[in-house]
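Right after this note come the structures.
The two complexes that follow have subunit A in common; it is paired with subunit B in the first and with subunit C in the second.
Moving on to the complex of A and B:
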């Protein structure tokens, strides 16, 4: 059991190492110094209290989208539409925040969160039902829905919801619906503890509850699950809606804590990153949490690296890309392990 | 109709043709790849690589033709990396396809800084020149629509027809489609499914690369970082809309190209262009809703 666990961990660790090696080669070829580049990356991510907090805060939408991707993938359906669900969640949150302002403070906040969850969930329901009922591939339908959601956001902030001024954005949301810093000046908001709680909730869900068991069973072997009295189709729709709910919440939190209003660029591909994070995290809550921290650290660290070392922050896109291409190719590890002389 | 409206329509139609070329090339590439059984989620990445290396090629050789070649080849090679992980390493293609889309703009940004000193915009390069068609260019309306395009528009139409012929009328095409639907048959014939898939993926990279190159060295004469901006994903919509059929990709890319062309017009009129832009995605959803599972079972998408 212990050896098996180690072997499992070897895949993500090795993929990160391979990515760093390829990164090193690229940095060298482009005439920079690899070691100072990586140390700048590290410094920018964890070099001070403020940087560390920024890294943690950055990881919040990543954690939510990571769990979102994980839940769907575990049930055997691919949620590449988290990006669109996130936008819908952001729209829902903003609409509720701006137009339901007659509600008393705490209730208003709750309603906003609920609406963002519902919007995300409803947006995820579309590809799920299209997949189950007519077999339309969820990857393609989700890509379409991503665009529709993004365009709809762009339409809202440049049309009906546009605030006065030169920038396409909505009015700021009322203070009661913003989610602030835990300690003033700490840069880290209540979104972070919420994300941790959700990690725990979903760890428990998959370990201890009937629903978690059904989702896992539907994903591993739908026919066997069916023989065992589980309806895989129903379970997948539920999993997809949970997934959408989490992505929608991520969008809501971005509005509530990061932007304070609806903007065109709510997400910088958090939804897609979530898929990478779920895969790198081996479809576990702990793994998703750690992978999100890694991706968050890469994001914040890369800005520092660019500012002080003049190395383009896009280097981390290459690192992230290589990590997931490697981890998505299990045969690499079989080859490595066989040659590595396990016997 | 007054002259003004006519020339407005002509300019929208002409823009439609221009916009459809990059989508069409990438979509045909995607269709070929998926027919062989390899998901074409990486088109966005191939186009980015194609757009950049076309500029790099044109910049270093001072020739747009060499630039086009460089862009196509670079994207082809980039696609082969995806082919290698998909075919040999049995990668989860949806994930690794997304990975390739992440790597491409990252790699290009680094190369941009190293070569052109900034990641936003490259130096100017020679570009493909528009062709004035001999007779048609003289005809008032038709001339405005069909003349004055680069050779890639005509190449796109040719490639679409050729791909269709190869796909449906030649043994190579039968093998390609069987590799996607009945790989056992290919193996039983003593042919290599892997070899067919590598060829298909390479072709998809080349074609998407040309689509990317069109953006940088035909429409413009430089590379800019927001150039591809989702066109690779739209190309997926195009070939799905076209039912993985290269000739139908022409009509589908014209439809998507039209919404892009009209969007710029509507913006100047102060109309919500986003709603128009959504239309092709809704259309694709509707088309998908009509595709029966049984018929398309073997298409991964």
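Moving on to the complex of A and C:
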């Protein structure tokens, strides 16, 4: 048992190391010094209070999308639509913030968060029900729904919700609905503790509750689960909606704490990164949290590298890609652990 | 298990090898700070389009980069995400070693409004938009002057029937990116120029509502050509490309803007109203390096020699007389004897004052 656990952990750790090695080669080939590149990366991610805070703040939507992907995948359904659900959540949050402004402050904030969750969840319900009722492939439908959500956002910010000015964006949301810094000047918002709480909630959900058990069972072996009195279809719809809710919340938080309004590019790829993060995090809450920190650090660190060391940040995108390719290739580990696996 | 461990160890060894095998002689690419402080440092934060856009980002960056020959260090970052702007501005400002930080594009205005207050001693330059702040210099071009140059050209061309495919309606058109003040500044100059040289000309206008929607721009331009316009001024950023498509299909003519767009459709585009961002930014950053850069609006125009009705690469024949006349009118703007309108409302009073 002990060995097995070590092996499990070895997969992500090894993939990161392999990626670093390949990255070293690429950086070298491109004519930069790998050591100074990596030290700049590290410095940019955690080198000062502000850099660290930027890294943590960047990881918030990643954590939420990571858990979103994790919940869906555990139930045996693949939610590649988190990006679209995130956009819908952002739309929901902004609409509630701008048009329900007669509500008193704290209640208004709660309603906005709730609406963003509902929007994301509803958007995830569509591919889930289509899959279960008519067998439509959820990957295809949710990718299409991603486009619809993104283009709908573009339409809203350049059409009905557009604010005056040259930029396509909505009016700023009222101050009562923004989510600010924990301590003034800390540059980190309440989104971060919320993300930690959600990590804990979902860790408990999967360890201790019936729903968590049912989701895991449905994902591992639907038939066996059914024989055991679990309705896998029902469980998957619920899992998908939870997943959508989390992605929607991520979108809501981006509006509330990062942008302060609806913008055309709420997310550049948080929804997709979430999938990688869930895989790298071995479908555990703790793993998702750590992987999100890694991705957040790679992002802020790579910008620092570019800003002060003149090393293109695209190199880090390559690194990130290699990590995912390696971890998504279980064959590599099967070869590595051949003997251990038989034991 | 052993196997995995040995792989890990090997990996670590290879890694340390590459790490130790550093070439101690710096190849310049990764030289840290160095003696840069002595000769100055400049930072550039591009818009989300990044370098390689063959437009504003590239254009501005090339201007800043000209300082490198003088030993100035130029650092640049190309964010892909709007959300990174405040953070990047802060990071550069926190260093405290940059003579100025050049922020490209109106996308950065909101972030800069906040960040510039946190660093009152750091100078910032923002391009192509106006931004408040005691330490912010907004570098812009006088849009009405570009509009005017092209308006005079278009007005003369349709008046004299000089164009091969002219419909003979004495009509020109304008497709704007959006119905906003900055775009209408171009429109005002365009209309003023055209009507000054050609009092009976009809100037049609329509707006795309987006700077990245060439399809709609094609539809709008097509309708302008169908209404009898000979020349349409594509004043719509990325949407402007759609105007050129329409011009080709309708056998019409078009005018480009910002960079020399003539080669995109050499048989249709008569001229482009180029704006020398590289020179303007070089000048502004030079002031920053000298410590003479002042906050507020820094606007450049014809009098600085930075605005041209560029004809190179166009196959549409235009007589030298017409180009000389355009140059003569531009000269009157440069020496201040023509005060151009900056809003559409002022066009009529401008004409009342100057029309011959």
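One rule holds for everything that comes next: the second predicted complex is superposed on the first by the 337 of 343 C-alpha atoms of A that agree within 3 Å, B and C clash if a C-alpha of one lies under 4 Å from a C-alpha of the other, contacts with A are read in each partner's own complex, and residues count from 1 in each chain.
Following the convention adopted for this analysis, contacts are C-beta pairs under 8 Å (C-beta built on N, C-alpha and C of every residue); 3 or more make two chains touch, one makes a residue touch a chain.
Note that this is a predicted model, so its numbers are computed, not measured.
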With subunit A superposed, do subunit B and subunit C clash or fit? clash
Touching A:158, do we find subunit B (first), subunit C (second), both, or neither? both
In the overlay, answer first, second, both or neither for which of subunit B and subunit C A:167 touches. second
Applying the touch criterion given at the start, work out whether A:321 contacts subunit B, subunit C, both or neither, answering first, second, both or neither. first
Where does A:31 make contact in the superposed view: on subunit B (first), on subunit C (second), on both, or on neither? both
Applying the document's definition of touch, where does A:50 land relative to subunit B and subunit C: first, second, both, or neither? second
For A:147 in the superposed arrangement: first (subunit B), second (subunit C), both or neither? first
After superposition on the shared chain, which partner residues are touched by A:18: those of subunit B (first), subunit C (second), both, or neither? second
After superposition on the shared chain, which partner residues are touched by A:10: those of subunit B (first), subunit C (second), both, or neither? second
Applying the document's definition of touch, where does A:134 land relative to subunit B and subunit C: first, second, both, or neither? first
Subunit B region in steric overlap with subunit C, selected from 99-107, 135-143, 189-197 or 261-269: 261-269
Touching subunit B in one complex and subunit C in the other: list those residues of subunit A. 31, 158-159, 310-311
Contact footprint of subunit C on subunit A as seen in their complex: 3, 7, 10, 14, 17-18, 20-21, 24-25, 28, 31-37, 50-51, 54, 158-159, 164-168, 254, 258-259, 263, 265, 268, 300, 303-304, 306-311, 313, 336-340
Once bound in the complex, which stretches of subunit B touch subunit A? 39, 41, 82, 85, 88-92, 94-96, 98-114, 119, 230, 233-234, 236-237, 240, 272, 274-275, 277-278, 281-282, 284-285, 288-293, 296-297, 299-301
Hey, which residues of subunit A end up touching subunit B in the complex? 26, 30-31, 78, 80, 130, 134-137, 139-141, 143-148, 151-152, 154-155, 158-159, 272, 275-276, 279, 310-312, 314-325, 327-332
Once bound in the complex, which stretches of subunit C touch subunit A? 1-4, 7-8, 11-12, 14-15, 18-19, 22-23, 27, 29-30, 32, 43, 48, 75-84, 87-88, 90-92, 94-95, 106-107, 109, 129, 178, 180, 182, 209-210
